[in-house]
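For reference, the structure I am asking about is given below.
Chain IDs A, B, C and D follow the sequence of writing; residue 1 opens each chain.
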Amino acid sequence: MAVRVQAEDFDIGAEVKALAGDTDIGAIVTFTGTVRGTAHGEVITRLSLEHYPGMTEAELARVEAEARARWPLKASLIVHRTGELAPGDNIVLVVAASAHRHAAFEAAAFLMDYLKTRAPFWKKETGHSGPGHWVDARDGDTAALARWEADPRP
Amino acid sequence: MAVRVQAEDFDIGAEVKALAGDTDIGAIVTFTGTVRGTAHGEVITRLSLEHYPGMTEAELARVEAEARARWPLKASLIVHRTGELAPGDNIVLVVAASAHRHAAFEAAAFLMDYLKTRAPFWKKETGHSGPGHWVDARDGDTAALARWEADPRP
Amino acid sequence: MTTATTLKVRYFAWVREKIGRAEEDVSVPAHVATIADLVEWLKARGPEYAAAFERGEVIRAAVDQSHAPRSARLVGVREVAFFPPVTGG
Amino acid sequence: MTTATTLKVRYFAWVREKIGRAEEDVSVPAHVATIADLVEWLKARGPEYAAAFERGEVIRAAVDQSHAPRSARLVGVREVAFFPPVTGG
(Lines give C-alpha, C1' and ligand atoms only; values in the text may rest on other atoms or scores of the structure.)
Protein backbone atom coordinates (compact mmCIF):
# COMPACT_ATOMS: atom_id res chain seq x y z
CA MET A 1 0.00 0.00 0.00
CA ALA A 2 3.02 2.21 -0.39
CA VAL A 3 5.72 3.03 -2.91
CA ARG A 4 8.84 5.04 -2.14
CA VAL A 5 11.72 6.29 -4.26
CA GLN A 6 14.66 7.38 -2.16
CA ALA A 7 18.42 7.84 -2.04
CA GLU A 8 18.69 6.36 1.47
CA ASP A 9 19.15 2.69 2.23
CA PHE A 10 16.26 0.64 3.64
CA ASP A 11 16.08 -1.90 6.48
CA ILE A 12 14.23 -5.06 5.44
CA GLY A 13 13.41 -6.07 9.01
CA ALA A 14 12.02 -2.65 9.91
CA GLU A 15 9.96 -2.45 6.72
CA VAL A 16 8.42 -5.87 7.32
CA LYS A 17 7.74 -5.03 10.96
CA ALA A 18 5.94 -1.84 9.89
CA LEU A 19 3.65 -3.86 7.60
CA ALA A 20 2.92 -6.59 10.12
CA GLY A 21 0.51 -6.48 13.04
CA ASP A 22 -2.46 -7.61 10.97
CA THR A 23 -3.21 -11.12 12.23
CA ASP A 24 -4.92 -11.97 8.92
CA ILE A 25 -1.41 -12.12 7.50
CA GLY A 26 0.09 -15.60 7.39
CA ALA A 27 2.73 -15.18 4.68
CA ILE A 28 5.19 -12.39 3.90
CA VAL A 29 7.53 -12.52 0.90
CA THR A 30 10.29 -9.97 0.40
CA PHE A 31 12.53 -9.48 -2.59
CA THR A 32 15.73 -7.47 -2.24
CA GLY A 33 17.79 -6.56 -5.28
CA THR A 34 21.45 -5.71 -4.63
CA VAL A 35 24.37 -4.35 -6.64
CA ARG A 36 26.60 -7.14 -7.95
CA GLY A 37 30.35 -6.67 -8.02
CA THR A 38 30.82 -7.78 -11.61
CA ALA A 39 28.98 -7.58 -14.93
CA HIS A 40 29.97 -9.52 -18.05
CA GLY A 41 33.20 -10.47 -16.29
CA GLU A 42 34.18 -6.86 -15.52
CA VAL A 43 34.58 -5.48 -12.02
CA ILE A 44 31.99 -2.83 -11.15
CA THR A 45 32.94 -0.11 -8.70
CA ARG A 46 29.83 2.07 -8.90
CA LEU A 47 26.23 1.85 -10.04
CA SER A 48 24.36 5.07 -10.82
CA LEU A 49 20.58 4.96 -10.84
CA GLU A 50 18.79 7.65 -12.82
CA HIS A 51 15.02 7.95 -12.72
CA TYR A 52 12.12 10.09 -13.93
CA PRO A 53 10.72 11.83 -10.84
CA GLY A 54 6.95 11.82 -10.84
CA MET A 55 6.52 9.17 -13.51
CA THR A 56 8.51 6.69 -11.42
CA GLU A 57 6.18 6.98 -8.44
CA ALA A 58 3.12 6.89 -10.73
CA GLU A 59 4.31 3.72 -12.50
CA LEU A 60 5.22 1.99 -9.24
CA ALA A 61 1.77 2.84 -7.87
CA ARG A 62 0.15 1.38 -11.03
CA VAL A 63 2.23 -1.80 -10.72
CA GLU A 64 1.26 -2.15 -7.07
CA ALA A 65 -2.43 -1.52 -7.81
CA GLU A 66 -2.35 -4.19 -10.51
CA ALA A 67 -0.86 -6.72 -8.07
CA ARG A 68 -3.51 -5.89 -5.49
CA ALA A 69 -6.23 -6.41 -8.09
CA ARG A 70 -4.85 -9.86 -8.93
CA TRP A 71 -4.05 -11.28 -5.48
CA PRO A 72 -5.72 -10.88 -2.07
CA LEU A 73 -2.88 -8.93 -0.48
CA LYS A 74 -3.07 -7.69 3.09
CA ALA A 75 -0.08 -5.40 2.59
CA SER A 76 2.45 -4.50 -0.08
CA LEU A 77 5.43 -2.21 -0.43
CA ILE A 78 7.89 -1.10 -3.10
CA VAL A 79 11.02 0.85 -2.15
CA HIS A 80 13.52 1.74 -4.89
CA ARG A 81 16.76 3.63 -4.41
CA THR A 82 18.31 6.17 -6.79
CA GLY A 83 21.68 7.87 -7.02
CA GLU A 84 25.15 6.48 -6.52
CA LEU A 85 25.45 2.92 -5.21
CA ALA A 86 28.35 0.52 -4.61
CA PRO A 87 28.61 -3.28 -4.92
CA GLY A 88 26.67 -5.01 -2.15
CA ASP A 89 24.31 -2.03 -1.69
CA ASN A 90 20.57 -2.53 -1.69
CA ILE A 91 18.73 -1.32 -4.82
CA VAL A 92 15.10 -2.37 -4.46
CA LEU A 93 12.79 -3.93 -1.89
CA VAL A 94 9.42 -5.47 -2.69
CA VAL A 95 7.16 -6.91 0.02
CA ALA A 96 3.88 -8.81 -0.45
CA ALA A 97 1.83 -10.09 2.49
CA SER A 98 -1.21 -12.35 2.25
CA ALA A 99 -3.08 -14.99 4.21
CA HIS A 100 -1.36 -17.78 2.27
CA ARG A 101 2.05 -18.26 0.75
CA HIS A 102 1.25 -18.78 -2.92
CA ALA A 103 -0.41 -15.37 -3.27
CA ALA A 104 2.51 -13.69 -1.48
CA PHE A 105 5.13 -15.43 -3.65
CA GLU A 106 3.31 -14.77 -6.90
CA ALA A 107 2.54 -11.14 -6.10
CA ALA A 108 6.16 -10.41 -5.13
CA ALA A 109 7.45 -12.00 -8.35
CA PHE A 110 4.84 -10.09 -10.35
CA LEU A 111 5.80 -6.79 -8.70
CA MET A 112 9.44 -7.33 -9.68
CA ASP A 113 8.67 -8.48 -13.24
CA TYR A 114 6.43 -5.46 -13.86
CA LEU A 115 8.66 -2.98 -12.10
CA LYS A 116 11.64 -4.09 -14.20
CA THR A 117 9.91 -3.41 -17.50
CA ARG A 118 7.72 -0.40 -16.60
CA ALA A 119 9.27 1.79 -13.89
CA PRO A 120 11.50 4.50 -15.42
CA PHE A 121 14.88 3.75 -13.84
CA TRP A 122 18.16 3.45 -15.73
CA LYS A 123 21.36 1.90 -14.44
CA LYS A 124 24.85 2.99 -15.39
CA GLU A 125 27.75 0.77 -14.36
CA THR A 126 31.24 2.15 -13.85
CA GLY A 127 34.36 0.02 -13.52
CA HIS A 128 37.97 0.86 -12.70
CA SER A 129 38.44 2.78 -15.93
CA GLY A 130 36.32 4.45 -18.55
CA PRO A 131 33.26 6.64 -18.35
CA GLY A 132 30.85 3.82 -17.48
CA HIS A 133 28.13 2.35 -19.62
CA TRP A 134 24.36 2.18 -19.54
CA VAL A 135 23.01 -1.26 -18.71
CA ASP A 136 21.09 -2.87 -21.57
CA ALA A 137 17.55 -4.03 -20.95
CA ARG A 138 17.42 -7.80 -20.76
CA ASP A 139 15.22 -9.73 -23.17
CA GLY A 140 14.52 -12.09 -20.27
CA ASP A 141 12.77 -9.31 -18.39
CA THR A 142 10.27 -8.83 -21.20
CA ALA A 143 9.85 -12.59 -21.56
CA ALA A 144 9.15 -12.82 -17.82
CA LEU A 145 5.99 -10.77 -18.35
CA ALA A 146 4.51 -13.37 -20.68
CA ARG A 147 3.36 -15.65 -17.89
CA TRP A 148 1.32 -12.86 -16.29
CA GLU A 149 -0.20 -11.76 -19.59
CA ALA A 150 -1.21 -15.30 -20.53
CA ASP A 151 -2.90 -15.84 -17.18
CA PRO A 152 -4.21 -12.43 -16.13
CA ARG A 153 -6.12 -13.64 -13.08
CA PRO A 154 -4.19 -16.51 -11.46
CA MET B 1 23.74 -23.04 4.05
CA ALA B 2 22.17 -23.27 7.46
CA VAL B 3 19.08 -24.66 9.15
CA ARG B 4 18.00 -23.83 12.68
CA VAL B 5 15.16 -25.04 14.89
CA GLN B 6 14.60 -22.75 17.85
CA ALA B 7 12.08 -21.47 20.39
CA GLU B 8 13.32 -17.88 20.07
CA ASP B 9 12.02 -15.37 17.56
CA PHE B 10 14.15 -14.36 14.57
CA ASP B 11 14.93 -10.98 13.02
CA ILE B 12 14.51 -11.00 9.24
CA GLY B 13 16.75 -7.98 8.70
CA ALA B 14 19.57 -9.39 10.82
CA GLU B 15 19.35 -12.82 9.16
CA VAL B 16 19.52 -11.30 5.68
CA LYS B 17 22.40 -9.04 6.71
CA ALA B 18 24.31 -12.08 8.01
CA LEU B 19 23.94 -13.81 4.62
CA ALA B 20 24.89 -10.78 2.55
CA GLY B 21 28.36 -9.44 1.88
CA ASP B 22 28.93 -11.68 -1.12
CA THR B 23 28.87 -9.30 -4.08
CA ASP B 24 27.93 -12.18 -6.42
CA ILE B 25 24.49 -11.92 -4.83
CA GLY B 26 22.03 -9.80 -6.79
CA ALA B 27 18.70 -11.16 -5.51
CA ILE B 28 17.52 -12.17 -2.05
CA VAL B 29 14.06 -13.62 -1.45
CA THR B 30 12.70 -14.19 2.05
CA PHE B 31 9.53 -15.97 3.11
CA THR B 32 8.15 -15.44 6.59
CA GLY B 33 5.26 -17.51 7.88
CA THR B 34 3.28 -16.03 10.77
CA VAL B 35 0.51 -17.19 13.11
CA ARG B 36 -2.92 -16.07 11.86
CA GLY B 37 -5.53 -14.95 14.37
CA THR B 38 -8.32 -17.13 13.01
CA ALA B 39 -8.76 -20.56 11.44
CA HIS B 40 -12.00 -21.78 9.83
CA GLY B 41 -13.73 -18.71 11.27
CA GLU B 42 -12.64 -19.44 14.86
CA VAL B 43 -10.43 -17.14 16.90
CA ILE B 44 -7.04 -18.66 17.72
CA THR B 45 -5.33 -17.64 20.95
CA ARG B 46 -2.34 -19.97 20.88
CA LEU B 47 -0.41 -22.13 18.42
CA SER B 48 1.74 -24.97 19.77
CA LEU B 49 4.46 -26.34 17.53
CA GLU B 50 5.67 -29.86 18.26
CA HIS B 51 8.59 -31.34 16.37
CA TYR B 52 10.85 -34.39 16.17
CA PRO B 53 14.28 -33.26 17.39
CA GLY B 54 17.04 -34.65 15.25
CA MET B 55 14.85 -35.70 12.34
CA THR B 56 13.63 -32.12 11.91
CA GLU B 57 17.12 -30.75 11.43
CA ALA B 58 18.04 -33.67 9.17
CA GLU B 59 14.96 -33.17 6.95
CA LEU B 60 15.48 -29.42 6.74
CA ALA B 61 19.10 -30.01 5.73
CA ARG B 62 17.95 -32.46 3.03
CA VAL B 63 15.40 -29.95 1.72
CA GLU B 64 18.04 -27.23 1.62
CA ALA B 65 20.57 -29.49 -0.13
CA GLU B 66 17.95 -30.37 -2.75
CA ALA B 67 17.29 -26.67 -3.42
CA ARG B 68 21.01 -25.99 -3.75
CA ALA B 69 21.34 -28.85 -6.24
CA ARG B 70 18.53 -27.37 -8.37
CA TRP B 71 19.37 -23.65 -8.34
CA PRO B 72 22.68 -21.74 -8.27
CA LEU B 73 22.23 -20.34 -4.78
CA LYS B 74 24.87 -18.14 -3.17
CA ALA B 75 23.26 -18.49 0.26
CA SER B 76 20.23 -20.09 1.87
CA LEU B 77 18.71 -20.33 5.32
CA ILE B 78 15.81 -22.06 7.04
CA VAL B 79 14.80 -21.04 10.58
CA HIS B 80 11.75 -22.72 12.15
CA ARG B 81 10.36 -22.01 15.60
CA THR B 82 8.86 -24.52 18.03
CA GLY B 83 6.90 -24.25 21.25
CA GLU B 84 4.11 -21.89 22.21
CA LEU B 85 3.28 -19.07 19.79
CA ALA B 86 0.59 -16.37 19.66
CA PRO B 87 -1.22 -14.74 16.70
CA GLY B 88 1.12 -12.43 14.81
CA ASP B 89 4.22 -14.35 15.92
CA ASN B 90 6.79 -15.52 13.40
CA ILE B 91 6.82 -19.26 12.67
CA VAL B 92 9.28 -19.84 9.86
CA LEU B 93 11.84 -17.93 7.82
CA VAL B 94 13.28 -19.09 4.52
CA VAL B 95 15.93 -17.12 2.63
CA ALA B 96 17.35 -17.82 -0.82
CA ALA B 97 20.03 -15.65 -2.41
CA SER B 98 21.26 -15.91 -5.98
CA ALA B 99 22.78 -13.82 -8.74
CA HIS B 100 19.37 -13.40 -10.40
CA ARG B 101 15.83 -13.11 -9.16
CA HIS B 102 14.13 -16.10 -10.77
CA ALA B 103 16.43 -18.60 -9.07
CA ALA B 104 15.94 -16.87 -5.71
CA PHE B 105 12.13 -16.78 -6.05
CA GLU B 106 11.87 -20.38 -7.21
CA ALA B 107 14.26 -21.74 -4.60
CA ALA B 108 12.42 -19.95 -1.77
CA ALA B 109 9.05 -21.28 -2.95
CA PHE B 110 10.55 -24.76 -3.33
CA LEU B 111 12.03 -24.65 0.19
CA MET B 112 8.61 -23.79 1.63
CA ASP B 113 6.71 -26.38 -0.44
CA TYR B 114 9.13 -29.14 0.54
CA LEU B 115 9.46 -28.07 4.16
CA LYS B 116 5.66 -28.12 4.54
CA THR B 117 5.31 -31.72 3.43
CA ARG B 118 8.56 -33.23 4.75
CA ALA B 119 9.80 -31.53 7.92
CA PRO B 120 8.34 -33.18 11.06
CA PHE B 121 6.46 -30.31 12.70
CA TRP B 122 2.87 -30.44 13.94
CA LYS B 123 0.67 -27.49 14.79
CA LYS B 124 -2.00 -27.48 17.46
CA GLU B 125 -4.39 -24.52 17.53
CA THR B 126 -6.14 -23.45 20.72
CA GLY B 127 -9.05 -21.02 20.86
CA HIS B 128 -10.91 -19.40 23.75
CA SER B 129 -12.35 -22.72 24.88
CA GLY B 130 -11.63 -26.40 24.47
CA PRO B 131 -8.45 -28.41 24.52
CA GLY B 132 -7.27 -27.27 21.10
CA HIS B 133 -7.03 -29.33 17.93
CA TRP B 134 -4.29 -30.58 15.69
CA VAL B 135 -4.14 -28.81 12.34
CA ASP B 136 -4.96 -31.06 9.39
CA ALA B 137 -2.44 -31.34 6.58
CA ARG B 138 -3.66 -29.44 3.54
CA ASP B 139 -4.15 -31.27 0.26
CA GLY B 140 -2.90 -28.10 -1.41
CA ASP B 141 0.50 -28.58 0.18
CA THR B 142 0.92 -31.97 -1.43
CA ALA B 143 -0.40 -30.64 -4.74
CA ALA B 144 2.14 -27.81 -4.57
CA LEU B 145 4.92 -30.39 -4.85
CA ALA B 146 3.69 -31.56 -8.23
CA ARG B 147 5.27 -28.69 -10.14
CA TRP B 148 8.71 -29.51 -8.74
CA GLU B 149 8.35 -33.24 -9.40
CA ALA B 150 7.23 -32.69 -12.98
CA ASP B 151 10.15 -30.40 -13.70
CA PRO B 152 13.00 -31.64 -11.53
CA ARG B 153 15.66 -29.33 -13.00
CA PRO B 154 14.02 -26.01 -13.86
CA MET C 1 13.15 -70.18 17.27
CA THR C 2 12.66 -66.42 17.22
CA THR C 3 15.05 -63.62 18.11
CA ALA C 4 13.62 -60.47 19.72
CA THR C 5 14.71 -57.04 18.43
CA THR C 6 14.74 -54.00 20.68
CA LEU C 7 13.51 -50.77 19.13
CA LYS C 8 12.86 -47.29 20.39
CA VAL C 9 9.40 -46.26 19.18
CA ARG C 10 8.43 -42.58 19.24
CA TYR C 11 5.00 -41.00 18.81
CA PHE C 12 4.14 -37.42 17.92
CA ALA C 13 1.14 -35.07 17.93
CA TRP C 14 -2.22 -36.86 18.15
CA VAL C 15 -0.63 -40.27 17.83
CA ARG C 16 1.32 -39.47 21.01
CA GLU C 17 -1.80 -38.17 22.75
CA LYS C 18 -3.89 -41.23 21.87
CA ILE C 19 -1.23 -43.72 22.93
CA GLY C 20 -0.49 -41.68 26.03
CA ARG C 21 3.28 -41.67 25.77
CA ALA C 22 5.97 -39.98 23.70
CA GLU C 23 8.33 -42.93 23.38
CA GLU C 24 9.04 -46.43 24.60
CA ASP C 25 11.51 -49.24 24.11
CA VAL C 26 9.88 -52.39 22.76
CA SER C 27 11.15 -55.90 22.12
CA VAL C 28 9.52 -57.24 19.00
CA PRO C 29 9.59 -60.87 17.85
CA ALA C 30 11.50 -61.70 14.70
CA HIS C 31 8.39 -62.12 12.56
CA VAL C 32 7.83 -58.37 12.89
CA ALA C 33 9.99 -57.56 9.88
CA THR C 34 8.56 -54.35 8.45
CA ILE C 35 6.87 -51.13 9.53
CA ALA C 36 3.54 -52.65 8.46
CA ASP C 37 4.20 -55.66 10.75
CA LEU C 38 5.12 -53.32 13.60
CA VAL C 39 1.84 -51.40 13.23
CA GLU C 40 -0.16 -54.65 13.47
CA TRP C 41 1.91 -55.82 16.44
CA LEU C 42 1.44 -52.48 18.27
CA LYS C 43 -2.34 -52.51 17.64
CA ALA C 44 -2.55 -55.79 19.54
CA ARG C 45 -0.83 -54.29 22.59
CA GLY C 46 -3.89 -52.50 23.94
CA PRO C 47 -6.95 -50.40 23.19
CA GLU C 48 -4.99 -47.10 23.19
CA TYR C 49 -2.76 -48.45 20.40
CA ALA C 50 -5.75 -49.82 18.50
CA ALA C 51 -7.43 -46.42 18.79
CA ALA C 52 -4.32 -44.52 17.68
CA PHE C 53 -3.85 -46.73 14.62
CA GLU C 54 -7.57 -47.01 13.82
CA ARG C 55 -7.03 -44.78 10.78
CA GLY C 56 -3.57 -46.24 10.43
CA GLU C 57 -3.27 -45.39 6.74
CA VAL C 58 -3.00 -41.65 7.50
CA ILE C 59 -0.18 -42.16 10.00
CA ARG C 60 3.31 -41.63 8.61
CA ALA C 61 6.41 -43.46 9.75
CA ALA C 62 10.11 -42.72 9.99
CA VAL C 63 12.98 -45.16 10.40
CA ASP C 64 16.10 -43.83 12.10
CA GLN C 65 14.83 -40.29 11.49
CA SER C 66 14.09 -40.63 7.77
CA HIS C 67 10.63 -40.91 6.20
CA ALA C 68 9.89 -44.56 5.44
CA PRO C 69 7.12 -46.51 3.67
CA ARG C 70 5.19 -49.32 5.36
CA SER C 71 7.36 -51.82 3.50
CA ALA C 72 10.59 -50.57 5.12
CA ARG C 73 12.43 -53.38 6.90
CA LEU C 74 13.41 -53.20 10.56
CA VAL C 75 16.72 -55.08 10.37
CA GLY C 76 19.41 -52.99 12.02
CA VAL C 77 16.95 -50.20 12.84
CA ARG C 78 17.24 -48.48 16.21
CA GLU C 79 14.38 -45.98 16.14
CA VAL C 80 10.93 -45.95 14.55
CA ALA C 81 8.51 -43.03 14.77
CA PHE C 82 4.80 -42.68 14.02
CA PHE C 83 3.10 -39.35 13.43
CA PRO C 84 0.32 -37.59 11.50
CA PRO C 85 1.04 -35.84 8.19
CA VAL C 86 3.31 -32.92 9.00
CA THR C 87 1.91 -29.38 9.30
CA GLY C 88 4.90 -27.10 9.78
CA GLY C 89 5.84 -23.99 7.85
CA MET D 1 -2.16 28.52 -41.18
CA THR D 2 -0.44 26.57 -38.40
CA THR D 3 -0.67 26.91 -34.61
CA ALA D 4 2.45 26.22 -32.57
CA THR D 5 2.20 24.00 -29.46
CA THR D 6 4.58 24.39 -26.56
CA LEU D 7 5.79 21.16 -24.99
CA LYS D 8 8.26 20.29 -22.31
CA VAL D 9 10.49 17.51 -23.67
CA ARG D 10 12.61 15.48 -21.26
CA TYR D 11 15.46 13.09 -22.00
CA PHE D 12 16.91 10.35 -19.79
CA ALA D 13 19.99 8.12 -19.60
CA TRP D 14 21.94 7.85 -22.88
CA VAL D 15 19.29 9.81 -24.79
CA ARG D 16 19.97 12.70 -22.41
CA GLU D 17 23.74 12.30 -22.78
CA LYS D 18 23.64 12.22 -26.58
CA ILE D 19 21.36 15.25 -26.87
CA GLY D 20 23.34 17.05 -24.17
CA ARG D 21 20.44 18.26 -22.10
CA ALA D 22 17.91 16.85 -19.64
CA GLU D 23 14.92 18.90 -20.76
CA GLU D 24 13.79 21.76 -22.92
CA ASP D 25 10.65 23.63 -23.88
CA VAL D 26 9.92 23.39 -27.59
CA SER D 27 7.31 25.02 -29.82
CA VAL D 28 6.23 22.53 -32.43
CA PRO D 29 4.17 23.35 -35.54
CA ALA D 30 0.64 21.98 -35.79
CA HIS D 31 1.57 19.27 -38.33
CA VAL D 32 3.56 17.57 -35.52
CA ALA D 33 0.56 15.63 -34.28
CA THR D 34 2.00 12.43 -32.78
CA ILE D 35 5.06 11.16 -30.93
CA ALA D 36 6.32 9.75 -34.24
CA ASP D 37 6.01 13.22 -35.82
CA LEU D 38 7.83 14.74 -32.86
CA VAL D 39 10.73 12.30 -33.24
CA GLU D 40 11.13 13.27 -36.92
CA TRP D 41 10.88 16.96 -36.09
CA LEU D 42 13.50 16.65 -33.30
CA LYS D 43 15.91 14.72 -35.57
CA ALA D 44 15.90 17.69 -37.94
CA ARG D 45 16.95 20.09 -35.17
CA GLY D 46 20.63 19.17 -35.20
CA PRO D 47 23.24 16.41 -35.36
CA GLU D 48 23.02 15.60 -31.61
CA TYR D 49 19.28 14.85 -32.03
CA ALA D 50 19.89 12.86 -35.20
CA ALA D 51 22.56 10.86 -33.36
CA ALA D 52 20.34 10.26 -30.32
CA PHE D 53 17.44 9.05 -32.44
CA GLU D 54 19.60 7.13 -34.90
CA ARG D 55 18.30 3.86 -33.44
CA GLY D 56 15.02 5.59 -32.74
CA GLU D 57 13.02 2.38 -32.63
CA VAL D 58 14.63 1.31 -29.32
CA ILE D 59 13.80 4.63 -27.65
CA ARG D 60 10.64 4.61 -25.54
CA ALA D 61 8.35 7.55 -25.01
CA ALA D 62 6.06 8.81 -22.27
CA VAL D 63 3.30 11.37 -22.53
CA ASP D 64 2.47 13.29 -19.37
CA GLN D 65 4.36 10.66 -17.36
CA SER D 66 2.67 7.57 -18.81
CA HIS D 67 4.18 5.14 -21.30
CA ALA D 68 2.94 5.96 -24.80
CA PRO D 69 3.25 4.42 -28.28
CA ARG D 70 4.59 6.34 -31.27
CA SER D 71 1.00 6.87 -32.45
CA ALA D 72 0.03 8.79 -29.27
CA ARG D 73 -1.36 12.24 -30.13
CA LEU D 74 0.09 15.44 -28.71
CA VAL D 75 -3.16 17.44 -28.40
CA GLY D 76 -3.42 18.78 -24.86
CA VAL D 77 -0.11 17.21 -23.86
CA ARG D 78 2.25 19.20 -21.63
CA GLU D 79 5.23 16.88 -21.26
CA VAL D 80 6.85 14.28 -23.50
CA ALA D 81 9.83 12.15 -22.46
CA PHE D 82 12.25 9.97 -24.43
CA PHE D 83 14.40 7.29 -22.84
CA PRO D 84 16.00 3.88 -23.39
CA PRO D 85 14.23 0.69 -22.26
CA VAL D 86 14.12 0.83 -18.47
CA THR D 87 16.63 -1.13 -16.39
CA GLY D 88 15.56 -0.67 -12.77
CA GLY D 89 14.93 -3.30 -10.15
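Everything below uses one rule, namely that a contact is a pair of C-beta atoms (placed from the backbone, for glycine too) under 8 Å apart; a residue touches a chain by one contact, two chains touch by 3 or more.
Because the structure is a prediction, the values reported are computed rather than measured.
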| item | value |
| --- | --- |
| Chain located farthest away, centre of subunit A as origin (C-alpha) | C |
| Intercentroid distance (Cα basis), subunit D paired with subunit C, Å | 75 |
| Rounded Å distance, subunit A centre to subunit C centre (Cα mean) | 49 |
| Intercentroid distance (Cα basis), subunit B paired with subunit A, Å | 23 |
| Between subunit C and subunit B, distance of the C-alpha-averaged centres to the nearest whole Å | 27 |
| Of all residues in subunit B, the ones touching two or more other chains | 33, 101, 112 |
| Where subunit C touches two or more other chains at once, by residue number | 89 |
| Every chain pair in contact, whichever chains are involved | A-B, A-D, B-C |
| Residues of subunit B defined as touching subunit A within the complex | 11-14, 16, 20-21, 23-38, 87-88, 99, 101-102, 104-105, 108-109, 112, 144 |
| Contact footprint of subunit A on subunit D as seen in their complex | 10, 12-14, 62, 65-67, 81, 83-89 |
| Residue numbers on subunit B that touch subunit C, as the complex places them | 33, 49-52, 54-55, 58-59, 80, 91-92, 112, 115-124, 134-138, 141 |
